[in-house]
Amino acid sequence: MKIHEYQARDLFASYGIPVEKSILCRDVNDAVKAFQELDAPMVVVKAQVHTGGRGKAGGVKLATNEIDVRKHAANILGLDIKGFIVDRILVSRAVDIESEFYVSYVIDRKSKSTILMLSREGGVDIEDVAHTTPEKIHKIVIDPLIGVPDYLARQAAFKLFDDIKQVRAAASILQKLYKLFVETDASLAEINPLVLTPDKEVKAIDAKMTFDDNALYRHPKIAALFEPTEEEKKEQKAKSKGFSYVHLGGEIGCMVNGAGLAMATMDMIKLYGGNPSNFLDIGGSSNPTKVIEAMKLLLSDKDVKVVLINIFGGITRCDDVARGLLDAFEQIKTNIPIVIRLTGTNEKEGRELLKGTHFHVAETMGEAGRMAVELVK
Amino acid sequence: MSILINKDTRLIVQGITGRDGGFHATKMKEYGTNVVGGTSPGKYGEKVSGIPVFNTVHDAVNATNANTSVIFVPAPFAKDAMMEAADAGIKLIICITEGVPTLDVVEAYRYIKLKGANLIGPNCPGLISPNQSMVGIMPTMIFKEGRTGVISRSGTLTYEVVYNLTENGMGQSTAVGVGGDPIVGLYYEELLELFENDPDTDSIALIGEIGGDAEERAAEFIKKHVTKPVAVFIAGQQAPPGKQMGHAGAIISSGSGTAAEKIAAFEAVGVPVANEPSEIPQLLKKQLLNR
Amino acid sequence: MKIHEYQARDLFASYGIPVEKSILCRDVNDAVKAFQELDAPMVVVKAQVHTGGRGKAGGVKLATNEIDVRKHAANILGLDIKGFIVDRILVSRAVDIESEFYVSYVIDRKSKSTILMLSREGGVDIEDVAHTTPEKIHKIVIDPLIGVPDYLARQAAFKLFDDIKQVRAAASILQKLYKLFVETDASLAEINPLVLTPDKEVKAIDAKMTFDDNALYRHPKIAALFEPTEEEKKEQKAKSKGFSYVHLGGEIGCMVNGAGLAMATMDMIKLYGGNPSNFLDIGGSSNPTKVIEAMKLLLSDKDVKVVLINIFGGITRCDDVARGLLDAFEQIKTNIPIVIRLTGTNEKEGRELLKGTHFHVAETMGEAGRMAVELVK
Amino acid sequence: MSILINKDTRLIVQGITGRDGGFHATKMKEYGTNVVGGTSPGKYGEKVSGIPVFNTVHDAVNATNANTSVIFVPAPFAKDAMMEAADAGIKLIICITEGVPTLDVVEAYRYIKLKGANLIGPNCPGLISPNQSMVGIMPTMIFKEGRTGVISRSGTLTYEVVYNLTENGMGQSTAVGVGGDPIVGLYYEELLELFENDPDTDSIALIGEIGGDAEERAAEFIKKHVTKPVAVFIAGQQAPPGKQMGHAGAIISSGSGTAAEKIAAFEAVGVPVANEPSEIPQLLKKQLLNR
């Protein structure tokens, strides 16, 4: 789950990580008031959206006077950044910067632990640094039973700074950030850039955090920060009913049990020249109610011209699945052609039950894919 | 005959008095798995399908000499269950539970390694050595004893591949679903090594997915250490970047983890990649014939 | 460092460990007021002293009415329990007890960790249980990197209880007690007895804690609870000057560098028929100021008839030590005979310097011991 | 020639820019110990008696290939220093610092074992293999190269015993002061085993103290595993129960840990116990002659 920069800054501040004073604004007048209140020679006006690349999209601007603040705030509010419409901006004291650094904690699949990533090349796209000069990114695997003791924080901070005072300041930030990471079940906690000011202070200038969805149940305050997009609301609704749904935009609706099989089905549609309209995983069981809910969601997409149902009968047998589908489609009235492919336990019995209905029945995934693509034309 | 589980497997089921635990304990026992006990605090003395219930894993191990455990407890308690199993001396821990917080898995995994044990999962279907032992929630009827090892990040897709293998006369030595979460236990490299060293495995089917770089590392590992024929299928060529597909495993992080990259990695080391799951059997047979 | 039961109870309560309501009293009227305030059918009046065996000494009494409260309070206040005069009593609700259990966390030298000890035989002297029926005491080594997770607390609680509700209650107490133990750097945290009441509640009836002196610097609130006895004050004063002092009561005063050598010196005095008056370790260095302070402390004991100084010259050489002693005794005027034994680096040079002074100079420990014992007669 | 340290010891001094660290680093170097570096955060580039200073143990190990570390940092930082050494790959860690909180030692010790390293101390004088290497604060001039191993819980008492050994022509292979705190690293059993297996050690002097039951366990261990002559001295026969004597090691808990019990334990397994430290040499010589 993503949160906004200003929310992450609040979390940073509550863990004692030094961030500049900033004020969240929802309109131009608020921004001007914020500028007055901050009483700073220069401020930065930043779009608050759940995506990166704000700078390149014109979502981050410096201002030294009210006129500029007003102008930038007006321009940024309402801006479309990668499909996200800016409805909030953050007005923050601008800091003089001597040098910029990169710091993050992130879950690492390979080491099966949290890793701390550090670089003296901060402020830019860290992916670029990773590709062009990987030696400039330091990775330290954190032992979850030990965390970040003083010596490790110091050792890491020496990768960024040479002066012991700055090392101590950075080490303290690294320990606090890890504490925040662990105590909120984050999957990413990033400071980019961490800066050194001309008067040798170490500060976090940006704040980015994402959280583990599986752990939100034990962090109600963070869960409350969730702001779903329209698409995400649809996906959330699906999830609450026990299935996963992602809208894609093609014309062949898919309903599959299992995420891997669902992706393989989409791939197959493409292989045969069609376009999947969605990813829809109805999970383990295939009871009629779930099928009805899933089909309704699927058919609410007006682009869908054909539906492909691909079910692997495992613990639930194919004949039971077939009966479930027949029950379900008695309640769903649709003229859209339905291709059904059933494999697994008792598949012949299952297919037998579907014979003579309006379903197009396929034997293999390949056959089903070809039939669906053909029916679109 | 197999890797990880066999006729000597002595299994306990953690959370056996729960709905899922009880159901699958019964299924496993029916299949012939040697289910020697189950745990549920405070339910000592009860029985589930004839399987004795203990208060703690420690008690269960003392009484039954169990060496393997499968976990069906709800997600908030999964970390504790994994650590309890490791602490009690269980050497292979299979966690079926889905939705376990990632940092819980990180911590439990560290502890399990500390205790010299192995973890499969969480959020996995388990594993099966056909006609010997099934631990998890696999649909046993589609499996057949044989000489192909199966490793998969996916559930039903595994079954699809296994179904095709079985239909084509290729039985399985062991099939393992490693689980779809960001952090899970045994993965491609460890399992490829086990299959490579298993005298009763002739060929290996590997089923990957978009996200992460585990497939790329597996390709590298195969190049260096695997002499047996391998065939691969990668799901998610059509997944748009950044979209989460059903489980946390299937997410493409910007600039890496795409199906195209993974397929290229395998092809670069001479491992054939199937266009459809149904192609796996012939890709393996072709290599077995050419040996 | 020891604290009183009522202080340990406060700590227990602040960690959510269930203890009965109780009130500390310093005089009889307080005790009567406490009885009224508690409004309980029965109360227990307990002496608060830094020693065990209160019950046997008559320091713990039950009362059901004001008259008895007054009587017991009057009897217990001023009582001498193993040399400790009772100046405080605790008046606590008395609980009906169905069964008694023993629980403690303690530092274990063998496993080099904290161990949890549990027994169904609570309420009695646990040392007796350990000697007669060791199988009734369960010991669980705690991994400091893991602590006491739910499963371990439950596993331990099943050693005491069979009913799952009581197991859960006890497991929670075990986790809280460990947290308290670690967060206060305790060396012992003991509940004896932990009781089950007739209405199946699990409660701590007594509370005992001791703390690691080395860690008191980071627990100022606990350090503030220190109440030294007169002897301890003397020892504390010595410690603040860099040496260790324990009063013993014999007639031969000892001043030695190193705890082991100091004990060996005491043993030797006894071996030759004398009685050491004290243990005094002046530590590594032997500078004159320290020697003067140590000698003053030693001579403040009027029973001392002879002083034995036993110094091993290691990094500090014997000739330097001899010079230091000569300097020191120029400032200390005493008629008490002083035996000095110097061994180690440059011992001959050292002994040479002491020749012709009023010191009795010995070559070996044995000789020094014999000389000191002889001089007492 | 020795146990634990020898000519191959490559030592770093943690806290080398402190008063004690600097003083003893110089002393150790003067004795011939191969002191390859020291650490003090922020002091990289400085030198102490010609010894280069590094910011972290990690840096020091990378630059010098050190295998041993001695710690002189103040007590509140000792735990961190011990863990830093273990994490950097140091295999023998000697902590001289006194006053380290017990639970800090418990945690650091666990981590050190996890990393496959060994700890001596804290609150110990260190160890010496005469004419090869001295690590700690031992008065080197009283030691002489030879074939007697010395293990001790005490400081100056060790020197007293060593002095008597040297005076009687019995040099030392290695002398180790294990430290007087409730929890310390290597102890009687591990050191007895090392001396038993050291071809250049002929006999062993063991110096114990009241408190705990380590001496009793040592006696049991000697009975089972030690074939070389051992002589013992136990300090504290006159200590009253429950009184703390100078350091936490010397406390008698009620009902166990008395000198009498310890002496009885050794005598029961045929190990002679000296009445005075000066008797140790003859007790060993007598056994060596009778072999």
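Lettered A, B, C and D in written order, each chain numbered from 1.
Note that contacts are C-beta pairs under 8 Å (C-beta built on N, C-alpha and C of every residue); 3 or more make two chains touch, one makes a residue touch a chain.
Being a predicted model, the structure only gives us computed values, none of them experimental.
Chemist: Steps needed, at minimum, to get from subunit A to subunit C via touching chains?
Modeler: Contact-graph shortest path, subunit A to subunit C, evaluates to 1.
Chemist: Starting from the defined contact criterion, work out which chains touch subunit A and subunit D both, please.
Modeler: Joint contacts, listed by label: C.
Chemist: What's the chain with its C-alpha centre farthest out from subunit D?
Modeler: Result for max centroid distance from subunit D is chain A.
Chemist: Just how far, in Å, is the C-alpha centre of subunit D from the one of subunit B?
Modeler: Between these chains, centre-to-centre, one finds 49 Å.
Chemist: Using CA atom averages as chain centres, what separation in Å is found between subunit A and subunit B?
Modeler: 27
Chemist: Starting from the mean Cα coordinates of subunit B and subunit C, work out the distance between those two points in Å.
Modeler: 55
Chemist: Do you know which subunit B residues sit against two or more other chains?
Modeler: Residues 111, 114 of subunit B touch two or more partner chains.
Chemist: Which residue numbers or ranges of subunit C touch two or more of the other chains?
Modeler: 145-146
Chemist: Treating touching as the only link between chains, describe the layout with one word: line, ring, star, complete or other.
Modeler: The chain contacts form none of line, ring, star or complete graph.
Chemist: Let me know each pair of chains that touch one another.
Modeler: Every pair of chains meeting the touch criterion: A-B, A-C, A-D, B-C, C-D.
Chemist: How about subunit A: which of its residues touch subunit C in the complex?
Modeler: These residues of subunit A touch subunit C: 145-146.
Chemist: Could you list, by residue number, the parts of subunit D that touch subunit C in their complex?
Modeler: Subunit D residues touching subunit C: 27, 75-76, 99-107, 109-111, 114, 137-139, 141-142, 152-160, 163, 180, 182-183, 207, 209-210, 212-214, 217, 233, 235-240, 243-250, 254-255, 259, 275-278.
Chemist: Quick check on the complex: what are the subunit A residues that touch subunit B?
Modeler: Within the complex, subunit A touches subunit B at residues 107, 109-110, 112-114, 127, 131, 143-145, 182, 185, 187, 212-215, 217-218, 244, 246, 248, 256-264, 266-271, 276, 279, 281, 312-315, 343-345, 364-366.
Chemist: Flag every residue of subunit C that touches subunit B in the complex, lowest number first.
Modeler: Per the touch definition, subunit C meets subunit B at residues 146, 149-152, 154-155, 158, 163-164, 167.
Chemist: For the complex, which residues does subunit D have touching subunit A?
Modeler: These residues of subunit D touch subunit A: 41-42, 55-59, 77, 80-81, 83-84, 87, 111.
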